[in-house]
Structure formats: structure tokens, C-alpha cells
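Shared between the two complexes below is chain A, which pairs with chain B and chain C, respectively.
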Partner chain A sequence: MTHRTRGTAGVTDVANHDRTSMQPATPMTSVTPVSTTRPLRRRAAWLGVAGGAIALSGCATNAPQDTWAPRGENAQMIHDLQWPIFAIAGVVGLIVFVAVGYSVVKFRDRGQPIPEQTHGRPALEIGLTILPAVILAVIAVPTVSTIFALADTDDTDCVINVTGQQWWWEYDYPVLDDGTICGYEPADGLTAAPIITSGQLVMPAGTNVLVRGTSRDVIHSYWIPQLNGKKDMVPGRVHYLRLQSDTPGIYAGQCTEFCGLSHANMRMEAVVLEPADFQRWIDNELAPYEAPEEGTLAAQGETVYVQQCARCHQVNGLVDPLTGDLVVSNPQDHVWSGAAPNLTKLMARNTFAGATWDLLTPECRADVWEAAPEDFGERYLEGVSEACLNTVDLREWLRNSPAKKPMYADAERLEVTDGKVRGMPYLALSEDQIDALLAYLLERK
Partner chain B sequence: MFTTGSKLLIGSALLATIATIAYGIAQGGTLGTIGLASAATALWFLAGVNIYVRDCNVAIDEAGALTVSAAARQAPPSSPWPIVGALGAAALLLSVVTYPAVGIAGLVLLLAATAEWMVQAWSERGSADAAYNDEIRARLAHPLEMPILGVIGAGVIIYSFSRVMLSLTKVGTTVTFSVLAALVLFVAFMFAARPKVSSGTIGGVVGLAVVALVAGGAVAAFSGERDMHVIETTADLAERGRCGTEASEADKKSSQTLAGKTNLAATLTLDDAGILSAEVPGFNESTSRLTLPRSNPNNVVFRNDSDTDRRLVIDVGPSGDMESRTLCTALVEPGGVQFLTVIFDMPTFAVPDGHRFTVPGVESAVVEVTVP
Partner chain C sequence: MAIIERPSTDVATTGTAPVYVTTDTTYGVFRRPVQSEGWTSWLFTVDHKKLGIMYGVTAMVFFVIGGLEAMLIRAQLAGPDGTILSADRYNQMFTMHATTMVFLFVMPMAAAFANFMVPLQIGARDVAFPRINAFGFWCFLLGGIFLNTSWFLGGAADGGWFMYAPNSSVTFSPTNGIDFWLLGLLITGIASQTGAINLIVTALNMRAPGMTLMRMPIFTWMILVVQFLLLFAIPVITVALVLLMFQRGFDATFFSVEAGADPLLWQHLFWIFGHPEVYILVLPAFGIISEVLPVFSKKPLFGYPFVVFSGAAIGFVGWGVWAHHMFASGLGPVSVAVFSVATMAIAVPTGVKIINWTLTMWGGKLRFTTAMLFAVGLIIQFTVGGLSGVTHAVAPSDTQQTDTYYIVAHLHYVIFGGAVLGLFAGLYYWWPKIFGKVLNESWGKANFWGMIIGMNLTFGPMHIIGLQGQPRRMYVWTEARAGEGFFNLGFWNLVSTIGSVVLAFGILFFFINIWVSHRKGTQPAPLDPWDARSLEWLTSNPPKEHNFDRTPTVHALDEVFHRKYEDRGENGQHDYVRVATTEELLAEEEANADSHIHLPAPSYWPLVLAFSLPVMAYGVIYSTLLIVAGAGILALAMYGWAMEPSYADPSDYDPDPPSGGAELEVANRG
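And now, the complex of A and B:
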């Protein structure tokens, strides 16, 4: 007699095996009884743990990039679309899973003969073709209208240029014909000039902002989940993305197109301010450069900055203390993308190095991030004070930036870029120089 | 005992020896004595060899030699590879005084000849059956030879084709390839009408076509390319300083690229009142000031709605080693458009005169540009 048993080790042919007593009629040579319940239980336990972990992750409260928590009209449009589609897709998925599961269990192989084979069920086939087509058609109507609504630029109130490069975002605010920036007129005594900043995109609440995006090196993707969907930024092309929010606060984002070594460290934040606060922000950004007082540590830091940093980083209005010449950076000669973050008002923003690290200590950061909308503007516009400066990360960055953030910063190994670095190189600064630089940068707000 | 040839060589060697001694004693000339001694030595050597091989004659009583000796075997076919190898070596040497390309060709020929010769020599020792030897040579060599020969053949055909196309005029190209297409159609029709046509005929026709094409390509290569109609690019105009009001021909298709149509930083329009204004995607109204990023290409389109030929000009400021660089479009006819890509290396505050788009000859046409 020959039959088959199934176990976790596969199928084993058993010769002359007594099926009822599991006692071999002849000396057993090849079969070891295998328990099937224990591995199944173990698998079920692992699946349960994994499923539970996934389910629990949905309960996270500190999830600033939660795509299910819209904070603006555009994100709300996407949200209003994805919920019904998710529901429809969920119902369809459930039906399919149940049908497949039922069929697998009900018609599993028990050694029964193969049933009679039939060819075709026209009614069923036509039905299963028409039904998905109808579902897709129903889904298409709101989808297409949402796509068109998200591509509309006619209601733009404010245009902000966004340029991606490895691995940070640059923002510049054009001056309009009437001398305003996004419709905001600079305070008396200030000259209207384009504002240039990085890391944090500051925008007025209740305003339809149009991002005009591009890239200087490779393809990046701009995504602030709580304000809108993703938009690729392709070198040589101009892309448009609507942003709007009525609620003051900081909204986190992340580059979502793999763009090289530090793609994971290319972050961005949209900062929404009440109109009055946005006006204050503009006035502060346009305020003229104030040199450090002579004889201070910050004054020493200015010299270090001019010698070490100004080749790539621009501080508007900075004059070389030794020569008296206006300092103009030349990142195009040193950096592959041709740009480095403008540090004129570094301490007016909360982050550095591609918005990867905070300029604020954790306590001060919480004060800003968790501030009520009505208090947010005031907290944000305080900038970074000496007490709140996150010296730990900033010092590490200045000591050896490629060690803190992976970058192609060794010019001797960059033949393909003519020796131009991708990111900030190691500058071999002494601790005294770092102290002086921190003092100088702390005044840049 | 001695064969006829041996006798002749022994006599000659003896005569040379006597002559050497006589000359050496009578004349005493060193050079002549050495020459005669050399001749005598060579003749004695040849005589010895000839005696050893017995004039290479097989005696009538040695009938077995006619079938088993080495000389009785079928001689291998003549091989072209020694000559090809010599040609390669000669080309390699010639390259020293001519061109490196000759050396490369020589090296390729030398390597190919060496490889082929080795394979052929190996196959000729495979067996006593020449047909079998040819077969094993083919099995080894054809997988390498066929692709290489195919690539070379395709390259020659493509190169010939390109030479023909580059040398013909616009009308000539139309006529030539119309006739060629008609010929292809005719030949195809003939083959279709007579499906049992022999492979020899097909090969002959195709071979004739290839020969004609290669011959045409060679003639075209020697006659040179036709005169090309060159239109100055933006870079040409900037380099030659032709960004004023002087005439320059515009490439009317240069603004039709997808990038030119879809990725614009701005469209600058000169109206018939001499006003230059910019339309920026995203802004609802035209403007007379632009903010453009630094160190990144900015694509702009110039539309000339005036009634005179005009061009768009911008001084982008210092760039690299140059103190200043002016970029411009070609001269645009009324109603025409031209495309211009501008990259600013320096921010506006670092350029003494700032950045601005202008139109030569129209003082009022200015769009201020700020590069932050």
C-alpha cells in the first residue's frame, strides 16, 4: 500500500504504512511524524504581532506627515477624494478576499476527483467586466475633477519659487510690479527685494500660494502631506503646486523622489503665519545687515565666516572686515548644484542642513511646534535665542558636516563633477573658530 | 653514387675553393678572398644537404614512399593569413610615420591574422581528411567570425548610406531615394511574381545592390558633404558680439521644442508701442520685473509684436573668467518668437549695472531682472 502524508517538510511517500494506527506494518525507514499545528500557531502568532504593530502605528499622535490629517484646502480636496475611493476599494478588496478565501477552503484538495470542466460562463464574465468598469467610471468623475481643481492657477495670490538641490530646498519670494511681496508692502525704510531663504517655506494663512518649482541637479519631489500631494521637481522644467492653509503652524514634509546619498535627510517645512505675522516676517527678512560689534566674539566669527563660509554661503549686505568689499559668494565654483543656502537670516528659521536638524533645543522646539494657532506666529518670529540654540547638532555639523549628513563632499574623489562637492565639505574648523561662528550666526536673524 | 644535382654542387664548391686559394695567393685581396670563401662554404653546405636528401628523388625501387612519405600527403590549401599578417605588421610600422589609426588597423589585422592562422593550422592537423578539417575549423571559428563580419558589413553599408545622404542636395536626395524605393519595390515585385527564383539570383541582386551602395558611398565620401545651411545659435551670437541691431538669420523652429513650450520662466513680449512686458506662469498679470534663480537655466521666449525685426538681449554679468557676458536671441521678424536660455552666475546686487532684458533700438523696452 502506498499513500501520501502532508507536513511542513513537504510530501513524503510512505510505503506499507498503516493509516489508522500510524504504526508501520514494516520497519519504518523514511518517515518521522511531524506536527503541523505548532508551526501554524507560530505563523499565526507572528502574523498577529505584525498586524498588531501596523494597527498600533496608526495610533501615533506625533505624526507630522500624516496624509490623513489635511490642514489646507488642497489637501482637503485630496482627502475628500481618497476617503470614498478607499471605502469603495476596501469593499471590493474585502469581497475579493472573502471570495478567494472561501474558494480556497471550500474547494481545497482532499484527494477528490477533478470536477467536470466547463468552458465559459458568459453572463458571469460580462457581469465581472461591466461591474469594475462601472466602479472605475464612478471613481473617475471626482478624481478627474479633483485633478483639474488642483492644477488650477487662476486664483493664485502669492507665487513662491522653490528650487531643489542635493539635499535642501531653496525658496525665493519675487517682488511684484507694485513693489510688494505676495501683496505685502515692506515697512517704511525697507527696500523691496526678493527674499531668499531655505528649509522652511513661510506663507501667509488663508492665501492661495503657488509654488513654482524646479531643480538644479537631479529630480526631487516636494511633498507637504498636510497641505497638498507630491510634485516632482525636474531639472530644466518648471512645475506648479498649490499650497494653502488657514491654520498657523508648521507642516513637515520630505523629499519623495530618491535623489542620492542624503535623500532621507532632505526635508522641508511649510510655516503658515497670520497675515500680520507674515508682514513682520517680510520686514525682518528685508532688514539691512547689522555687523557685529567690534571686539566681540561675533565679530571674530564674522571674519571666520568670510574666510571659511562665504565662498559658498551668501549673507546679504556682508562686507569683508579686512578689505571693505561687499562679500559675494561663488557657490557655482565649488558646489555641483551651483547653490548653497543663504544664511542672511539663518536664526529666523528653526532648522538647518536641509531642515534635517533643529536650530532649537527640544524644549524650545516644542514651544513653537505645539503652540496654539493664535500664539504660533509670536513664538515662531522670536527666532532662535542664545538660550534656545541647539548647539549640540550645530557644533557637530560645523566640526564635520559629512560625518553628520552623508554627502559627496571629498573634492579629490569627485572627478565626475570636476571636483565640485555635493553638499558641505569638511572645513577643519578649530573649536575656537566654531565658538566664534556660533556667536556670529546667532545674530543672523 | 652521387646524384646529378649533388655532382653539380660538389663541382661548383670545389671550383669556388680553388678560386679562393688562387685569388688569395695571387691577388691577396681580403674582400675578394672572403667573398669567394663564403661562396665556397655555402656551396659545400648545399652540396652536403643535397647529398643527404639525394636530390629529393625517390628511387624506383622505393615504391612505398609514393604513398607514406610526408611529401605524399595532400598539401594544405594556400592560406591568405600570412599575407594579411604581413600587411598588418607593415601598417603597424607605417603608423609610426603616418597616423595612429593606421597602427590600430594594422594591429587589428595582425591579431586577426594570427588568430585565424592558428585556428587553420590547428584544424589542418585534425585528421587526414581535409573536409573534416574544414568542418572543425568552421565550428570553432564561425561563431566568432560571423558576428564580426556582420558588424563590419553593416557598418560599411550604413557608412556608405550616410555618405550618400550627406553629399546629395535636397532635390537630389528626393530623386535618388524615390528611384531607390521604386527599385526595391520592383525587385520585390519580381521576386513575388516568381517565388521559385534561385538563391543564386537573389544573392546576385543583393550583392549588386550592396556593391552599388558601397561604390556610391566611396564616391560620395571623396566628393565631400554638401554645403550646410548654418544658422547662428544664441551662443554664436554672444561669442561674436552680434547682439545689436545687425541682421542675423533666425531658426524659426528653435522655439518649437517641448522644453521651450512647457518650461518657461517667462514670455517677454515687445508690443508695437515699444513696451516690453513679461508674462510669468502663475501670475495673473504681465509684469516689468522678474525674479529669476541663480545658477540654474531659465528659459524665456521673446515674442516680437512690433512691426520691425527685433531681438532680446540681456547682460548676465560676470561668468567664470569673463567680466561680463551678453546673451541674445537672433533677430526676430514681426510676429515671430525666439527662445533663449539664460543662466546667472552672480546675484543682481553683485553686478554693477544689474540685470535687465532689453531690445536694441527700442529705449523704452526694459524688463528688470532680480537674481537673489
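And now, the complex of A and C:
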């Protein structure tokens, strides 16, 4: 378990964690002010002011994007820094409220004589200027050391490329020089190749993952609050973000830089798997394409897919059943950002359309999301079964995707992008075609 | 009625030859307008008081528009998957809400008070450049209208008020909304820039005899600091907007990544303007409550020099913290650390102000009028915003908070709790001075409590919503990310929406109050209803057109208080005795009125010149012909402006005043 209790113990834990080059030479010293403020926190909680109420919000595991519920080292570092500051802010606020409240009650006009017309005492004034300066100087020290600790990239175990586009995230697991992916060798018989997926970033537990991010169109921001703060992903630049967690599970996130029309529908999740499960996930992602059995509904779906979807959406190893040619998608000819989600293992993940809708029915989704850490990997790797498929949202999506998620897909509005869509266009699929596609896609896992 | 000034013939006393403008030089349409009554007197006025009122009324209209936009936003977010607004409309709505509130309400409302009060507070008859003052107002009004016409011409801007590149380029925002936005802000920016120069010159050069800088009322001081901020900030945003105009209108590549540009350039330009802008918004309000608190505490402002210098310090350090809006932008740890610490540093002078306001009340004799309530409300609410500001001065903590509703909570406690409450304190405090009626206190208190309860219900829950991970600028939020229990997003979003309705009622009470207070039969305001302390109270309510019959001579900070009260205490004891009523003070001024009063005459040209700008702006969007037409009007207006005679035609003069200023005063009331 890495979910450390707040307070001195947690601070020590993080400080002792092996940090390399950028960490100040004496981490214990640098966090001392944090631990000395602990009694202040108790007082703030007792007095239940605004700051106190905010402090309370950290205690509950509420919304999945709760910023006060760290589940990884980096988020924990931020948390250990932020709660004492909230506590200090709460106490300072309280002092101001009490002082103002006291003046308001005590010095109300009750016929007292006109007070002395003085502009105050410089000594008091200077003292009251230095006091906040000292408080802020105390806050500044751990702040600066944490900034540098969170920018450290020397202890990376695994690099994952993350690319934002309107309005979804693509993940690309590169094959390293040693033939591994993220330090893992594919099982015998499988060829190591870059894994390209979207929506859910799958990462091994206990591993320092470095997200290497950019964007293909406008600025997006990558944010998994329980694992780390956010980092903007800017076209033309590469930015880095550390992610780490020891606890298997799904961690929700959301694009936090306004990125146009469907900014609200650009979500993402980080999936943390035990190393053995992560190995299974990699092997599955690299498994060769299996065409549907001839004569099945899924086989009809394959034909529909090749005709309707494969222009933009790659399925690795797909062979056109009519021509026998390998099908390679060309999203750059149709989509402004030049990419569309790779659907090779669509049903191995459990969300679609920018992680906005679930591929799982609500019951099955709860089974995965609420699984205990030790059972989580098993549940997640089951993928989406026919019984669990959320056909409601997926059908609506296939019927008319721009109606479900606002996108620039209307041919009349695409003059400025040379006719290329931003998002997925309306495809005018028949219900039969949709049935066939669902059957085909269900096998993509 | 307007005083139409004649050329001075008083050579003997002044010793300098007057500049005569003969009828030969007043030709045709270039003679100055002389209307002293009716709507044309407002249209062509250069009177700082009339312009102040016009600024205020216009700002209030935009406040209502921006408020309605906010109500629609909150209605959309009241529950999950809101359907009141489409994604497109929602994006336009939050862009225009922020743009309207910042550029068309808070800034011009502060300009309204600055225009009206600065000349009065320093004992001047008008601002230094009256026609430029009028030109500024018309730029603001016409720019604001131009900006809002985009709603009816294909949709408003949809890129957020920060308008980050490259999302603001034509590829990603193909409608004309952003063009309207950038051109509209270029025009209103002229108002700020000319206003800044005008007020700086006014405050530095036109103070009454004896008013040293350290005897200058604190409101004027804060306005002076703000004008310097504007003077340097507006050019930065202007450069950014011009680059964006070329990017969108003429295929320039300043922000095109494929052409080698770095989109962070826009962010730096925007926030180099945008952060000083925050202080541009709040410092006038700080100035207002620094006037209000002493008056209703019957004490001078505690640590006046500290408040002055902390205001100036904010004005300087405010330039060195812009990148704290960019902690998640990928600046690198060194920049982030520097800006993080600089941001903490600016909390010190801000804290000094809060301490000084509290200590001003300490040991005072407090009267809780509505103006005072708003001032105390500001101290409390702004403190909340300031402290949440400290939590994101800490950059690592900010990477969890930025672009979430926690920031929305913070900025509204700062701008609504700081600037808007301060402006309302000013409205209640100066209403009798401006309009000659005291606003009703019962409605005033309903107004105050409605706004305080409303704002805390609206913006308070946003702290929770944001810390629970709800990002800003999302047209819908989803049940799947809402959580359960006490902190669930559903409940608090609903509370926030309900709060916005309460807030709207609170503000509605203000408008009811205006109506109630100006009904037939309400008494005119007493000359000095609050027992005030500064020079603007040394004239009638509303002030005479020429402000002061005699240019006052200043002997102390809080001049009017010291003319009214004398300390008769001995041996370190204080005993303040009233030695004069304000009526007596005013009568003395009237009895010793200046024989010659120099006042600027009205002019057509500011309006004509300002009118040419939106014409050209429409031209940038729709047709080059319009640009040419607008440029023609511009050239004509500049020519007319330059050639306009200094004085009106003799046949336009007011009837001869018998002699002295007292009669002038009578004529003025007629």
C-alpha cells in the first residue's frame, strides 16, 4: 500500500525514497517545516472554518478525480506539501476573521468619543509586514525542493509516448534498444512492436513511468489527479510528466486545458497492473490478428469495417477478405490531426470516444472499478465480453457520432481544414451494419 | 447647464496675454457645440462627471449582460449532462462572460469612479485632457457594443477569455467570433490607454495647492498606480491582439506550430498583460474601501504610507509573476520555482493592506452603513481569495488545482469578493455625491446580504468541486466522475447554481434600490451625509459643473475632516470638537469664489473619431470598403479635432454673469 497517512510519517517516507540528482542534498531538512506545522492542522480542523472544510475534503475518497487522495509517489509528494499550506492558510484566515469580527462587535459606535486621528505605529506596521513574509519564506523552501523533485527524469523505468488531439489521447509504447517494451520482453513467439492504443494508459505497478507528451493540434493537458499534477501537452514541444503507483486500479483523469468544442469529452484513465498482469497485457496487445470465422455475423462486420472504418482506424494485421490485401489506414487523408484511435484491441480497454463513454455496462464497470487491488488485474484483463458490452452508448455512437459528441465533422464547416474532419463524421450506417460491426468489434481483444 | 467659457480678458491680473479665438476661426461645423441641456449635452460632453456617470451606466448594463451569461452557465451545470446550451454556445458563453466582466464591467466601473472622483479629490476642475477623456468613453462603449454584436453575426468568440493559441486560429475557430473579440478589445484598449495617460497627468499635475503626493487621498493613489499598470499592460495585450489579427485575417504564422512558432509565445504575452490586469481590477476597489473604512470608523486610514507603498509595490511586483498562470505549461523547474517564490512575495503587500484595513477599524467608532458593510465584506471575502491564492502560489499544489473549479472559486473571491464588493461600497458611499440622493439603507442591506450569501453559495462550493477534480470550461460534467458522499459534485454544483440565483436577486435589489431612492418625494441628500474626510465633499451634491468655486488649498491629508474638527485635548488626551458644518465650509468657498473659471467646452469630435473605429473593425471582418470609409471618418474627425477652436463662438456664450461665483452657482442650479 502506498496510500500513506498524512503527517510526519508520510513526509518521512517520501523524503527517504530514493531520489537521485535533482533532490536537495538534505531532504529531511527541507521538509522539516512541514512536519512542525502538524499541530496547526489539528487546530484548523477543530475550528471548522472554510480552510477546515477544505481540509476535510481530503479525508474522503470521493470523486475519482479527488485531488486530495494520492495513490502514487508523485501525487503524494504534492499532497504532503499542500495540506500544511491549506492548514496555515486556514489559520491565517481564522485570525483575520476573528480580528475583523472582534473590531466589528467591539468598536461599533455606541457614542464613544471620536478616536485619536493617528496614522498608526510604524513599529507595529513593520512587524505585521515581516510576519507574513516569514510565513511565506517558510512555505517557499519545501515548495522549491518539491518543484525540482517532480521535474526529475533520471529515475525513469519506462517511457510512454502520449499524444493529445481533439478530443482523445493516443498512447504509444516504444520498443527500446534492448528489444523490450517498458522493460518487458514479449512472450516467446511474439515480435516486439510499438503498441499503439488510446483512452487508457496501462502501466505497471511500482514503476517510475515517464510520460513523454505532445499534441497534434491544439494545447491539451494531461492530468491523472491521483497520480500527479497536470502537464500541458503543446504542439511542437515535448513535455514530461512522472507517473507512479504501487496500487493496481483505474485512476480517472481529464483534459484540463481548454481544447475547443468537445473539451468536456476528452477524458483519460491510467490503469495500473501488477507486473505479471502487465506482461499479460503486453502479450495480448502484440498477439497476431485473428479474423472472424467465415459465415458469422462478425465476418460480415469485418467487411463493413474495411469499407467504413479502416480508412481512419487501424486494426493491425487486418486483411481485406475480398482482395486479400493487408489493410493500412490513412487517417492523415481524412482527419485534421492526422490520427484516429487504433482499434486493434478495442475491447481490451473499456472506454471509447476519448474515454468519454464506457464499453462496459454499469454493473460490469463497477466490477472492474471497485475491484480490490489484488483482483483488479484479473478483472481488467478479461476485457469486454458480449454480456458486458454497453451496446446503448456504442450503438448511439455508431449511428451518429457527432450528435453524441460535438465535433467538427460537418462537411460544410470544413472549408478551413481542406475538408478534413476534426473528430468522427456521420457514417450513415444501417442497423444491420451496426449489428455486424458490434459483433466484429467484440472480438477485438 | 453647461458653462460656456469666454476668453479671459483679465490681462491685468494674470499678466499674460490671453489667446483670443476670433469668429474668423470658428467656421461652419467646426464651431464647438454649446448644448447645455438634453441628450445632446451628454453626447458631446467633455465633463469628467458626466463621462463618469456614462461610464458607470454603461458598465452596469454590461454587468447585467455578463451576469445573465453567468446564470446560463450555472443553469447548464446545475445537473449532469446539461442540455440548456450546446457545447458551442457554452464555450461562447464562458468566453464572453469573462470578457464582459473584466473588460466591460470592472475596468470601466473603476474608470467611472476614477473619472468622477479623481478631479474632485485633488481639487481640480476637470481632467487634464477632457476631449480625450470623452474619446475614451466612446471607444469603450462602441467597442463593447461591437464585441457583443458577434452574438448576432455567426456566434461570439469561443476560445476562452485567455484565447490560447493555436486554438484561436481560424482552423480551430472558423467563425468570426474571435475576430470580433480581438478587434473589440483593441478598441476598448484605446479607452484604457488614453484614460491612463489622462489620469496620470491629472493626478500628477492638477492637484490643488498644498496637496503633496503624501496628502493625496488613497483612492486617487490607487487609481494612479492602476493607470501606470494600464499604461504598460495595455500595449502588451495590444501587440498580442494585433499579432492574432494578422494570424487570423492575413494568414500570418505567429502562432502556427507547423511554421515553427511556439504557442507559448501567446501565453507569455497574454499573461504579461493578464496578471497586472488582476491588480488593475482590484486596486481601485482597494482604494474605495480605503476611503470608506476611515469615514465610517471616524479614524484616518491606519498606516496610510504603508497602504500607498504596498499599492505601489503590488504595481511593481505584479509584473514579475505572470508565469504563475503557466505552472502546468511546461516552463521547466527553474522558471516555475522563480515565479512560485515571486508570487508568494506579492502576497506580502496584499497582506499589509488587509492588516491596515483591520487596524483602521480597531479602536474606531464604527457605523455600519451599507457602504461600510460592503467594505468589511471585501476584507473577509478577499482574504478567502487571497489565501486560496497562496495555495496555488505553491506550484506543485497548483498543478493539481489549475484549470479546475478551485481556480474559478479563487478568482471569483478575488474579483467578485475584492473588486465588485469594493465597487458597490463606492456606489453606496458616493451615490449622494454623484446623484444628490442617498440610496435607501434597508434595500441597501438587502442588497448587501443578498450578494454576500449569494456569492458564498455560488463560489464557495466551487472550492470543493475543484478539489474533487472538476475541470473548468466543460459544457457538461458527468455522473461517472461525480463521486458520492458529502463532497459529491452533483450536490455542490446544484448548490452553486442555487447560489447564483440568490446572487442575482441580491444584485436586483440594487436596481430596485435606485428606483426606490429616486422616487418622487425622496429627500435630496444632505451635503455631507457620512461626515466624510476628503475634498470631493467640499462641493455641492451633485457637484457644481466647475467642481469648486474656489480652488481649495490643502493643509493635511483628510483635509475636510480637519476643517470640520479641531483637537482641543491636552496632555496627550484627544478631544475632537466640531468647529464647522460642511454647509459653513461650502458657504465660505462660495463667498470667495474665483473670478475666472477655466472649463473646457463640449466637442463633437471625440464621438466622431471613436465612431470611425468600429466601422473599420467591421471592415476588417467583412469588407475593405468599410475600412476605407472608416478611415475617411477617422481622418475627418482628426482634422476637425485639431482645428476646433478653443472657445465657443461669442454668440454662444452664456448670459453675462453679474459678478463672482456665487451667482454662477445659482445659475448652475437653475
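Basically, the second predicted complex is superposed on the first by the 366 of 445 C-alpha atoms of A that agree within 3 Å, B and C clash if a C-alpha of one lies under 4 Å from a C-alpha of the other, contacts with A are read in each partner's own complex, and residues count from 1 in each chain.
Everything below uses one rule, namely that contacts are C-beta pairs under 8 Å (C-beta built on N, C-alpha and C of every residue); 3 or more make two chains touch, one makes a residue touch a chain.
Here the structure is a predicted model, which is why all the values come from computation and not from measurement.
K.L.:
Thinking of the overlay built on chain A, is A:A264 touched by chain B (first), by chain C (second), by both, or by neither?
P.N.:
The answer is second: A:A264 touches chain C but not chain B.
K.L.:
Touch check for A:P331: first (chain B), second (chain C), both, or neither?
P.N.:
A:P331 contacts chain B only, not chain C.
K.L.:
See if chain A has more residues touched by chain B or by chain C, and give me that chain.
P.N.:
Looking at chain B versus chain C, the one contacting more residues of chain A is C.
K.L.:
Once chain A of both complexes is superposed, is A:R237 in touch with chain B (first), chain C (second), both, or neither?
P.N.:
both
K.L.:
Looking at the overlay, what does A:F148 touch: chain B (first), chain C (second), both, or neither?
P.N.:
It touches chain C, and chain B stays clear.
K.L.:
Looking at the overlay, what does A:A187 touch: chain B (first), chain C (second), both, or neither?
P.N.:
neither
K.L.:
For A:A403 in the superposed arrangement: first (chain B), second (chain C), both or neither?
P.N.:
After superposition on chain A, A:A403 lies in contact with neither partner.
K.L.:
What part of chain A is shared between its chain B contacts and its chain C contacts?
P.N.:
Shared contact residues on chain A (touching chain B in one complex, chain C in the other): 236-237.
K.L.:
Which stretch or stretches of chain A touch chain B in the complex?
P.N.:
153-154, 156, 159, 161, 163, 170, 172-177, 193-196, 210, 212, 214, 216, 236-238, 240, 314, 316, 326, 328, 330-332, 337-339, 342
K.L.:
Give the list of chain B residues in touch with chain A in this complex.
P.N.:
Touching chain A from chain B are residues 259, 262-265, 280-285, 287-291, 293-297, 299, 345-347, 349-350, 370, 372.
K.L.:
Spell out the part of chain C that touches chain A in their complex, as residue ranges.
P.N.:
Listed in rising order, the residues of chain C that touch chain A are 86-88, 91, 158-160, 164, 166-167, 170-174, 257, 260-264, 297-306, 328-330, 332-333, 336-337, 340-341, 344-345, 347-348, 351-352, 354-356, 358-359, 361-368, 376, 379-380, 383-384, 387-388, 390-391, 393-404, 406, 460, 463-464, 466-478, 480-489, 557-558, 561, 565, 567, 574-576.
K.L.:
Within their complex, state which residues of chain A touch chain C.
P.N.:
Interface residues on the chain A side: 22, 50-51, 53-54, 57-58, 60, 62-68, 75, 77-78, 81-82, 85-86, 89-90, 92-93, 96-97, 99-100, 103-104, 107-109, 112-120, 122, 124-125, 128-129, 132-133, 136-137, 139-140, 143-144, 146-148, 150-151, 166, 217-219, 221, 223, 225, 228-232, 234-237, 239, 252, 254-265, 267, 336, 356, 358, 406, 413, 415-417, 422.
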